Each structure stands twice: as structure tokens, then as C-alpha cells.
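When the chains are written out, they are named A, B, C, D, E and F in that same order, and each has its own residue count from 1.
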Amino acid sequence: MIRETIQNVVANITETCMNEDVYVTDEESIHLPSRGVIIGIIKDLRRVVFPGYFGDENISSTMPGYFLGNMLTHVYEELKAQIEIAFLYDDKGKSSSAEVTEKAREICERFISRLPYIQKMLLMDVQAGFDGDPAAKSKEDIIFSYPGLFAIYVYRIAHELYVQNVPFIPRIMTEYAHGKTGIDINSGATIGRYFFIDHGTGIVIGETTEIGDYVKLYQGVTLGALSTRKGQQLAGTKRHPTIGDHVTIYANSTILGGETVIGCDSIIGGNSFITESVPAHTRVSIKSPELTLS
Amino acid sequence: MIRETIQNVVANITETCMNEDVYVTDEESIHLPSRGVIIGIIKDLRRVVFPGYFGDENISSTMPGYFLGNMLTHVYEELKAQIEIAFLYDDKGKSSSAEVTEKAREICERFISRLPYIQKMLLMDVQAGFDGDPAAKSKEDIIFSYPGLFAIYVYRIAHELYVQNVPFIPRIMTEYAHGKTGIDINSGATIGRYFFIDHGTGIVIGETTEIGDYVKLYQGVTLGALSTRKGQQLAGTKRHPTIGDHVTIYANSTILGGETVIGCDSIIGGNSFITESVPAHTRVSIKSPELTLS
Amino acid sequence: MIRETIQNVVANITETCMNEDVYVTDEESIHLPSRGVIIGIIKDLRRVVFPGYFGDENISSTMPGYFLGNMLTHVYEELKAQIEIAFLYDDKGKSSSAEVTEKAREICERFISRLPYIQKMLLMDVQAGFDGDPAAKSKEDIIFSYPGLFAIYVYRIAHELYVQNVPFIPRIMTEYAHGKTGIDINSGATIGRYFFIDHGTGIVIGETTEIGDYVKLYQGVTLGALSTRKGQQLAGTKRHPTIGDHVTIYANSTILGGETVIGCDSIIGGNSFITESVPAHTRVSIKSPELTLS
Amino acid sequence: MIRETIQNVVANITETCMNEDVYVTDEESIHLPSRGVIIGIIKDLRRVVFPGYFGDENISSTMPGYFLGNMLTHVYEELKAQIEIAFLYDDKGKSSSAEVTEKAREICERFISRLPYIQKMLLMDVQAGFDGDPAAKSKEDIIFSYPGLFAIYVYRIAHELYVQNVPFIPRIMTEYAHGKTGIDINSGATIGRYFFIDHGTGIVIGETTEIGDYVKLYQGVTLGALSTRKGQQLAGTKRHPTIGDHVTIYANSTILGGETVIGCDSIIGGNSFITESVPAHTRVSIKSPELTLS
Amino acid sequence: MIRETIQNVVANITETCMNEDVYVTDEESIHLPSRGVIIGIIKDLRRVVFPGYFGDENISSTMPGYFLGNMLTHVYEELKAQIEIAFLYDDKGKSSSAEVTEKAREICERFISRLPYIQKMLLMDVQAGFDGDPAAKSKEDIIFSYPGLFAIYVYRIAHELYVQNVPFIPRIMTEYAHGKTGIDINSGATIGRYFFIDHGTGIVIGETTEIGDYVKLYQGVTLGALSTRKGQQLAGTKRHPTIGDHVTIYANSTILGGETVIGCDSIIGGNSFITESVPAHTRVSIKSPELTLS
Amino acid sequence: MIRETIQNVVANITETCMNEDVYVTDEESIHLPSRGVIIGIIKDLRRVVFPGYFGDENISSTMPGYFLGNMLTHVYEELKAQIEIAFLYDDKGKSSSAEVTEKAREICERFISRLPYIQKMLLMDVQAGFDGDPAAKSKEDIIFSYPGLFAIYVYRIAHELYVQNVPFIPRIMTEYAHGKTGIDINSGATIGRYFFIDHGTGIVIGETTEIGDYVKLYQGVTLGALSTRKGQQLAGTKRHPTIGDHVTIYANSTILGGETVIGCDSIIGGNSFITESVPAHTRVSIKSPELTLS
């Protein structure tokens, strides 16, 4: 009885797989990228920018160079292969295999060359976290444990691939961080130096958001679009706000719209709902009387 | 010294285990279900409905049938065993072992037979996601990465067991998804076709919620109960709202109460707090002046 | 070409590692604690307080004592080593190795001796969860699946190390729970008996928060500081609110400030934003008219 | 094309499986024992008799009792289950499930109760190894590394199950040791105290061999049957030799036949081929002139 | 100091790798086959020919077809890839990549098509083992545990690739069996039906050996070459003996030479050393008097 | 009932552990070395001397230097720690911890510095294997698969530690190879260049054996002691033979005694038993008539 059930289910699902375009069925050379390998790259690169924190490498007694070089060689090979697979799948045979290989090689090399810059940016983010949170006992706490730093790390990595138009991979990366932290930073966003996210759960930073330097965000902040009713027609347009330098946005505030600009040095109080621009040096807060004591 | 400490702690905890009813101590044949196995089933079934995305199976060059049949056979065995364990534990010896085995067999077969339907529902959810999010580059992005789709997938699986009154397992499933995504959909809820959750962190959908077709939810939306003061006395009553077809609910809105109905084609703006019904074709938004610029 | 790129990146990152104080480079005997081992301790202790739920140990047929004693011995060794490493790193050679060893031994023994108390507290938390949530089918559901209980469990463990001034480890523990549940409870907070968190995603409970007995929190509740502009200067001061006994705080409410006290038996409705004290026996709720139907 | 090939092969092998009696096909409750679990039991018990050598257990600082008790509880459960499976498979439904369960329980308890005796026997074997081999630097070397001791250990364990007529499992155990060491001791053999095997590769000790105390064997020694032409008709008869106390047999000697007795205190030189009894206190060696120098 | 030592060693070994032809250094597309993958194929195919014995597949309750088809699909993909790698490495770019791919595909398909034949041969080998060994309690014992059967299984698999001139892989396979069993059967040998190896350690069967049906070998038997002084000049010539049907060769006998033929129905006694042909129906045994009792 | 049995067994084994000197019980700082870590070192070093063969490192496209340096750094740390543990255990507190640390550091550095020499020796051994075996299709075959080469590799590694008087570890290493190959080479032996072992199962090479250059051994060859009756009194004396340059010893020959010298360029035929010296340029073979055809 169960035999027939399974046979029917197999037949039914097989047919669906044959007819739906999201299932690879024809070309032997076309595969989907591997989420597992891409997550492995994120973990490896974290050991490159913060050696000693997330692996068993001991950088004190001997030479970090061998460790770093070995990791980078490995990441280069892995990432190159995934980028190739992603492009081949994405353009379904329009480019030649050799073109795609060459493109992947170039993108990957450029990506590797950006890592020292990313490391320096992240060290500034660590400093911002320590300076900004009285509960932080040390900068090491932030590297080890702060989900905000992890989300920013993954964003900074993924952003480098986004700007080179790599399909699938940036999204897999940032959603991995989203799953681990509850912080959803689209890899297309632009984010400046000394960025600090405290607690972070529920934060959403949309694809066309621009964030200046020394910005601080708390949990539950949405930097989003006003409406998505037009769906894919909106792709590519500026839909998310612009946040100036030295802005702090407290917990659970929502700022919407591609034309909304929060001027520099402003403070947005908790639970705010903002759909229009705020001038520089402004303190925004919700009125107290909205509570009724019954 | 530590020896005595450990001895005392062992004695103390052992005694607690002997006296508290949540610890299994007497019957050799009564066990707790295995969370690890249940999570394994979720992962396996994801490869059944989206083959090629989450495992190393290659469905292009040869035959998906063997892969699917082998997975389903395995899932059937694993799930049947867990359901048996769950019932035996739950009714503490009231049913005979043979009755429980037969019941598990039936439930499990019905569950397997529903998988083609679930796959088709999920493909509509994927389409809804692509149509609804300008930041989605492809439907593959949604399958690979969107936490909303993962939460819906797990809900649709768990719901099939919920309606067959399987204890423990539906909750273990949906809380696994909750942990991975921050989206908490109770397996008892009823959810229609073309359902889309964007970003999703912080969403709560209560046990007696009813959701129509073509509904779109953003992060932080709560579809909850008005009050839980009466605790277990409320079990079984309709406590959570009803959402009509084609409704969109923007970020961080809260809709509470079993008698609250959001009429079809309505749009609920961000940060709304709703405890009463909203007629169809309505646009709800919070007033702007609640901010003070100081 | 890629060879030169990798060589440059290695040189650049090596130099950064040599010059930044968050990287261990000189002393061979100074290491960073291992996040992996600390997470392992959390998992092991969960099997000690809830044997049968999260491992393959079978406590019914034979003797839990051997299982418990073996786990505790193992945890003692592992935790002692991590505490030593943490102190040695933290005070960079000021204490002698023997002093640190002795201190770690004492802290660890005291910690182990607290476990029966923690187990009893957790069993009350389980009861609170069952009594408070009509959707809970059983107390087992809560132990197996409720993220709130997991976050409280980790908090209660980490708090014991926090009060003994152990560096790094309490934060690694609570952020692990934060990552798994979206619930961020600082290990410095004080929390009473029968504590229940429902759904939980987005909850933040700051370092100097005090919570009484029989308190119930819903998703998205922040118990936070009014402002963090002064950064590390605020370290050690009471910055977060005090919550009385029998208080319920509904979803997405924000309560801020070290001088804010929520009196006992009060109910804080959803989406509230509170920066001042609320007397006992008060029901706080936001006014309905903030919606515009357009 | 490969599709058809695989389909044909599947059909062909399936048919063979349906028709050959070594494949389980009908009864759902009948399984084969698990070689992996049985090897796990061998590894676990080695940590019980030689704690500290083969696992990460640290028996110095705290209490071996918890470790031992936990291991034994685990081994008891695992072994009991495998014995049940083995009997159910072996008698294909002749005994009732309850009878088999009870029998497995008894055998397993008796087995556990023999472990202190086995440990003491093994410590004598270790001493024999140290006394007998000038290349042994320590008794620890023998425990850690000598394949002879490992083969004897597995034999002593398996023999306890052989004498209780457990099917399949003793053979799986001794062949595991055979694979690791090249030493093939049938679990039916009888072996006395202070037994030492040096180097050991190629040793074969047949099922009905009897070996006294203080015996020493070198690599390549066969204690075998004269002929096996009669096959299964010989099952149960004494086919292999008897070796007296204090006998040494040097490398590559072959001693055959169930009536062959090597008297006590004898020394059998290397490369001997013996098919008749040797009196006590005899030195046997092959003549030198069998070499031709050309 | 250690830094300089490691730098020197790295430089030295790198130089060796650049200059020795056994290290792959130039072509990016040329790799070595993966020993791990090849061993995985051996393990997978064992589950195909003996389902239920070496994995957790349960062939009784549902359908072996899915399991078998899934395994074969997987093996086909894995083996094809390894064969391609092996040929590409072996002919260092002489064939085009497409030619090699096509050749691998053909070889692999032919290989898969031979599996039902191999299974039937192995079932006869199992029968031969049971009939020939009074210590065998069951045919299941032989499948589970007998190293001889394992070595024959691997030989029969590897031989199919040897006859198709696949480089590297047949040797990796038979040496894996050699390591596990001490039985070294060159994949080039020809071996008939109902072949039984008892105990087996130390057996060597050379590349050009021919063995008839119903042959039985004991441990330590060498079927070898008379001399190897001419080294690679002898490659391809018949160097190893021919063994007729129904021959039994007892332990530790050595039979050498490509022109040596052991006639059918002969019995070669233990410890024999034979370099010339033996007629059919002959019993060969070494004389007894070569022992001196002193 | 089983409870009492386990309690008794635990008590009994605990008492044995407390009273037998092979169990570590008092000093917290004294441990046994880890067999697992030592085997890991063997595997790692094999990837250093034969990069590309046994791991997934790809040395063609980028830089082997990072890979090698990273492996060596890791091996250095691991081996140093194991050597320290071995010395501390072995001299039970006679040396200070600092002395032992310094000694381990020196030994380990010297060991690392010898690796290029070992690699060159092994490449000569590979060449000897290819030249000496007509069945070898390539030198790669020998590196991948020949057990003889693996045993020689481990011997050459272990010998470096033996000559520096490291306790336990050389024996653990060579017995690991013995287990994998059936070839037992004591780490104390001295072995020259171009050494080739064919097939190898059953070979024993004793501690004080000396072997010249260009020597070839076949399976089952014993280079052993005449008698071991005096046990530990013989420790340190020359007990095993000396083999001159260019000697070949065919299968299953036994050569015994510390004063036995096989002169250079000699050939020892199969199954020989030699206890006296053989002059140079001699061919030794056993007489043919030892067979009776009955």
C-alpha cells in the first residue's frame, strides 16, 4: 500500500520537476551553486580577517603568513568554482564556458585583493561597537559574540560580489547572516565606516539604502521601501532611505522610501515611523501620551 | 572537594528527575521523540520538493525517480518511528503498541501522499515571492535563500501532521524553522496559496489564524491573541485573526483577536496596532504627527 | 597574477595582525577561549538539566547517576580550562598562572554546585510556560521546542559566571542563545522565578535589568537604556528598567531607562513605548485612533 | 542509455535479492545486526578495561566510576539490542520476541559481570608481553600499540559471547581484530593466562584450539585443521591442536590436527610444520641443510 | 628559530615538488584521482551487491529498487569522474577532454552493466565459503565477516576496470582490500567460480595468475613470479602460475612461475614450495623429517 | 538486577585501576599521549612529502608553499605537545616541566628539519619500487597504493624520533603502519636508500636490524632474533641480522640472529630459514625434493 503511495508520489514529483523551470533537468554541465560551500567560504574568510577567534589556528607562536596564504588559496579555488557555476546557470549557455571561467577568475582575484580593506573597515566597526555599548566589556567580546558585527562582516564580503554582478551568491551569503542574527542587510546597500548595530534582531536594510559613517542602529530598525505593489517593475530604482553621517536610530523605528533622507547628526528615537526626510542635527521622538492607563 | 560537589549535584538532580513528571523514568518502552531525527526529516523533505538545491543530488543527467523514491522510503521509516514514539509517550500506555503502530503507519502514508500537493503549493509561494519583491533577482534566489519560503515550507509540512493530531512533532518542526528564520508560524494555522513573507524576522502567526490566498506579510507582523490571561482554558478557542485574500501587511504591525477580520484587498501600513476588524478594500496607516522634532 | 595578489593580501593582513591589539601575537601561553567548546558546554549542561530530551541517553531503564556524573566531570574539566584561558588572556600576565588555575577551579566548582538550583528554577519556568500559553499542548513541548525556555536556560547558566566576573564566556553563551532564538538576555540581568517568554523573537533585556517573579514577556519587547551616547562611561550604572512581580508585557513594547519601574501586577499592552515608571496594578495600552483608513 | 543500463541492473539485482535466502525480504521485524554498532562496542569496552588510553577520558583528576558506569550502561543497551536482533534473525521466528528479549538480557548481564575478570586476564597478558619482548620499552607500549594484545582483548570479549551461543556477533568481533592486526583467533578457542603474541601478522588459531598458560606465539603461526575436505560435517569436532603451558612457538610454524598436542615447556622453532604430537620439554627445530648456495 | 627551520623546509620541499615528475605542477586541469572517493565507491557497491549488510538500508519493508537505483546513479557519477581524472592525468594531454569524457562514460556504463554478474559470482563464492569451512556458522557470517570474501569482492570489481585499461583505480581498490585483509589479489588475475579463501592473511596472487573454478586457498599462499630481477622488462609477460579447477592449496605454500601449472583436483599441502608444474589429481606434501627434537 | 551488576563491575574495575601502575591516577598534570593525534601527524606529514596524493590540496594552480608551511606549523605544534606529554609521563616528575618543554621543542625542530631529507629518501624508495616490480604501472601507483612504501614512510618518520629517544610515539607510529599493511618495521632499525618491499604482508624487521642500500624484501620475510627467552635482559643488544647492499630476499624467508650477516649482492630464495651468515654474491635456495606426490 505504502509502495503504491510512494510510487505515485515519485511519479508526480518527477513530472513537476520536468515541467518547472526552477529545476535543472537537461544540460549536464549546468548545476546550481552549493549553499554549503558558500557558507564554508564565509567561515573561512572570518578566520582570515579575525585569525585566532573562530578556528584552532594559533597565530602567536609561529607564522600567520602560512595560515593566511593557505586559507586564501583555498577560498580562491572554492569561490571561483562557485562563481563559474552561478554564471553558467544564470545565463543558461549564452556565454561560452571559457568566457565564464575567465570572468570568474577576474572577479575572484579582485575580491581577494579587497580583503585587507575589508579587514580595516571591520576593525573600525569593532571600535564603533566598543565605544557605543556600555555593556561591551572588551573589543574581543564584539568580535567573538556580537551578531551585529557578524552581519556587517558578511555584508561587506557579499557587497564586493554584488558590485561585480555575481548572481545568487551574495544573497546566499547575506541570508546566511540573516538566519544567524535576525539582521537582514541586502548586499546592494552602501554602508560607511564605524558602523555599529546593537542587539540587531529584526533589522532590515534594503537594497538601495545608503548609510554614512559613524551610524548606529538598534534592534528592529527597518530601512525599507514605501510600497512594493509594483513588484519587479521597481527593480533597480532607489526605493530605500539615505542615512547621513553620525546618525543614531533607536529600537524598532521604521524609515521608509527612496527619497527619505535622515540628515547627519540626527537621532531617531525608538518606535518612530518615518516616511519623509529629517533635516540634519534633529532629534525625533514619539510623543508620550499614546498610552492609556486603565 | 570537587568530587563531593559532583556527588551532591548528581544525587540532587537524580532525585528531581525521579519526582518530576517531565522525566521518563519507569517504562522501558517509553521514550521521547528525537529532535535530531525530526530535523533530519525536514532537511530530507526539502530535497524532495526542491531536488538539486540543498544536497549533492544531481537530477539533470540521470533519473530523479531513484533519488526521490529512496528519500521517501527513508523519510517514511524515520517519520513512522517518531510518530509511534510520540504517541506511546503521549498516552502513557493507554493504547496498545499494535494500535499505535497501525495509527502511525496510516498517518505517515497519508502524509507522504500529500507531498505532491505541498510541492505545488510551494512553487506558487515561490512565484509570489518573485512577483512581490523587487530585490529578488530570480526564483532560484527565493528557493535557496529566502527565510520566508523556508518557514512556509516547514509550516506546510508540519500542518499535515497537526491536522492528524500528532503530538510534539509539529511543534518541534515549526520551532526549528522559527530558530532558523525568526518566523514563528504555528502549525495549526490555515494558510492559502501564493503566500509571501518578506524579510520575516519577528513574524508570529498564532494557532487559530486563518490566512487567505495572495497574502503578503513583512517582518515583525504579529497575528496574535488579545490576551492569554486564561492560559490553558483558552486552548481550542479561536484566538487569532482572520486575514482575507490579497491582503498586504507591512512591517511591525500587530493584529490581535479571534474575532478580528481583515477584509480582502486591504493594505495594513507599517507599525499598525489593530484589535478590531477592517473592512475589505481598506488602506490602514498610522498618522504621521506622532513624532516630535526637538 | 593571483599569486601576487595573494602574496600582497597575506602581507597586508599579517601587518594588520601585528599592529592591532585584538590579535594575540606575542606570548605563547596566551590564547583566546574557544567558542566551540563553550557552546559544547551549553549543550552538555542542557542534557544534565533535561536528561533524555537532547541526547541519546536513556534515563529510564538503568541509572541516571552515571550519566550525570560523567557529564558533570566532563563539563567541569572543559569549563575550568576555558575560564583559565579567559582570565589569562584578559589580564595579560598580571596574575600568575597558578593563581589563575586556583581561581578557575573555585569558580567552576561553585558553578557546578549551583546546577540543582538552576534545574529547579527551569522547571518552574517550564510550568509558567505551560500555564501561560494556550497553544502549549504539554510541558514536554516547552522543553523540546520553546525558544524562550532555551534563552532563559542559557541566561541562568551564564548569569552564574557573570556574577563571578568571568570574562568573555557569559557573553559568548548568551549570544549563542540570541543567535538561536532572537532573544537577547544580557547575562548581567536579574530574573526571578516562573519567568515565561512567548515567541520571543526580538526581545532585548539589558545588563542592569531587574525582573521579578511570575513575569511574562512577548516577542519584540525591549527592556533597554534611554540613551547610550556616553558609551563606556555608562558601564556599571543602572541603565535598564525594573519589572515587578506578576507583570505581563505584550508584543513589541519598549521600556527604557534605569529609573523606570513597572509596578507589580501591571499589564503593558502591545506596541507601548514607555520611558517613565508605571504604578502597580496598572493596565497600559496604546490608544486606538492612531490608524487612518484611507 | 545509462538510464536503461541502470534500470536493468536494478531489476536484475532486485530479483536476485528476492530469491536468495541471505537477503532479508519478508518480515518487517527481522533485521541483520549492525557491524558498526558491534565495532563501537569493542571500542567502548577497550576504554573500560584500559581507561585513559583510547579516549579523552581523564581518570586522574576526578572519578573513574562515573565514566565506567556510563560506558557500561551504554554498552549494555547497545549489546542487548544487537543480541536480540541476532537471535531473531537466526531463528527466523521460532522463538517469541519476549523470549528472545529475556534471553538477550540474561546473556548481556552475564557478559557485563565478566568484565573485571577479563580486565585482570588482560593485565597478565600485558605483563607477559613486557617480560617476553626485549624491544618493549614499557607496559604502556604494549597497551597502546601491540596488535597481539588487541587481538587477545577482542578474543577474550568475543569468547564470552561464543560460550553463550550468540550468533554472528563473536565472528564480527574477531574478524574486526583480524582485519586490524592480521591475527585470526576464532572466538571458540580456549586460551589461558599470560598469553603473548609478538608481531602476530598471519597467526591463525582455530575454533577448537586449546592453549595453556604462559604461551608465546610469533607471527605466521597456524594452529589449524589437517583437512577441511568434509566441510560442515566436521562442525563441532575437535579439529585444532592443544598447546601445553609454557610453550613458545616461533615464527611461521604450522601445527595441525585435533589430536596434535604440544607438551608443556616445549619450544617449536621457526618454520616448523607439525602434524603429530610433541612431548613435553622438547625443542623442535628444522634442519639447516635445506639451503643450496649456488 | 623554528620559523627559519620551517621556511627552509618549505623552500626545500617546494623545490623538490617542482622538479620531480610525480608531483602535478603545471596544468590546472590535471589532477590525481581521489583515493577517498574510490574507497567510497567500493563501500557503496558492497551495499548494492549485499543490501542490508553494511548500511542502514532496510530492504524488507519497502522497495529495494529505489535504494539500488539511487546508489547506482551515485556510483556511476562518482566513478565516471574518477576515471576521467585518471585518464587525463595518465596521458598528460594527449587525448582531448571530450574524448576522455566519452571513454569514461562508456567504460563506466559497461562496468555498471556487469554488476548483476558480479553479484551472482559472489553468491557462489559465499556458498563455497560456507561449504568449505566447518567453523562457518552461516552464510551470513561469511558476508559480514570473512576477509576472503571481501578481498574477492574487491578483486571482482577492480578486475572489470583492469580489463578496460583504467589506470590507477584498480590498484587503489585492490590495495585497499589488501590493507583491510592482508590478502593481495592483483586486479589482473583471472579467477573462476566458487572461489574460497580461508583466513587469508599473507596471500599474494600475482597479475598474470589464472585460477579455475572451485579453488580453495589458505592463509599465506603465494602465487608469484620466480624472479623479478628484470623489473619493468617483464611487464606484460605471463609470470605467475595457473591453478586448475577443484585445487586446494593449504597454508603458507608458495607456487612460483608463469609456466607452473597445478593440475585440476590436486591438493597442495601446507608450507610447500613449488616452482614446477604438478599433474592433475596429485596430493603434494612436505616430508615430515625436517624437524629435529633436541 | 543489571543495576547491581553494573555497580559491582564499576567498583571492581575502579579498584583495579587504582592499584595497577599502568593507569594514571594521581598527578593531574600527567597524561598519556593521544594515539589519535599521533596518527593525525602521520597523515599530515604524508601530505607534506607527497602533496596532492592524500588530501584535497591542489598544488598545481597556485602556491604549495602556503600549504606546506601551514601543515608544518600545525605538525610542529601537535608533535611538540605529544612529545612533552610522553616525556612527562615517562619520567614521572623527575624532570621539571620547563626542561621537558625545552627538550620537546628541540627534538621537534630537529625533526622538522629532517623532512626534506626524508622526502628525498622516499622518492628513491618510489623509484626502487617502480624499477623492481613489473606489475607497477607507474610511480604514482606506488605512492598511492603500495603498502610497502607506506610502511617505509612511517618507519623513516618514526626512526627520527627513535634516535632522539622519544618514548611511546615511535612505537605508536610503526604499529599504526603495521596495522594498515601487515609490515612491522621497528623504528630502531637502520635502513639504507632505494629500499623496496613488495606485497609486504607478514614482514618483520627487528629493532637492531641493519639494512644496506638497494635491498628488496618480499612478503613474509622475518629479520628477527634467534631467541627471546631472556626477555628484557636482551634490551639494547644486537639481536637482529645485518643485510648488505643489493640483497634480495624472496617471500616467507626467515633470517635470525644478531651475528647473521647477509653479504652484499646475495639473493635469498623464498621460504629459506637462515640462522648463519651468508657470504656476498651468494644465491641461497631451498632444495626441491622436499615434496612428496602421493
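Going forward, a contact is a pair of C-beta atoms (placed from the backbone, for glycine too) under 8 Å apart; a residue touches a chain by one contact, two chains touch by 3 or more.
No experiment lies behind these values; they were computed from the predicted model shown.
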Chains touching both subunit B and subunit D: C, E
Numbering shared by both copies at the subunit F-subunit D contact, with half separating same from different: different
Chain whose Cα centroid lies at the greatest distance from that of subunit F: B
Rounded Å distance, subunit E centre to subunit F centre (Cα mean): 25
Subunit B and subunit F: spacing of chain centres that average the CA atoms, whole Å: 57
Distance from the mean Cα position of subunit D to that of subunit C, given in whole angstrom: 52
Subunit E, residues touching no fewer than two other chains: 2, 6, 10, 58, 61-63, 65-66, 68-69, 72-73, 76, 182, 201-202, 220, 252, 271, 286, 290
Contacting residues of subunit F [partner subunit D, same complex]: 1-2, 5-14, 16-17, 20-28, 30-32, 34-35, 89-90, 167-168, 171-172, 175, 178-179, 182, 184, 186, 188, 201-202, 204, 206-207, 220, 222, 224-225, 228-237, 239, 252, 254, 256, 271-276, 278, 282-287, 290
Interfacial residue positions of subunit B with respect to subunit A in the complex: 48-54, 56, 58-61, 64-65, 68-69, 72-73, 76, 105, 108-109, 112-113, 115-116, 119-120, 123, 126, 130-141, 143-147, 180-182, 198-199, 201-202, 216, 218-220, 248, 251-252, 270-271, 286, 288, 290-294
Complex interface listing, subunit E residues touching subunit B: 58, 61-63, 65-70, 72-73, 76-77
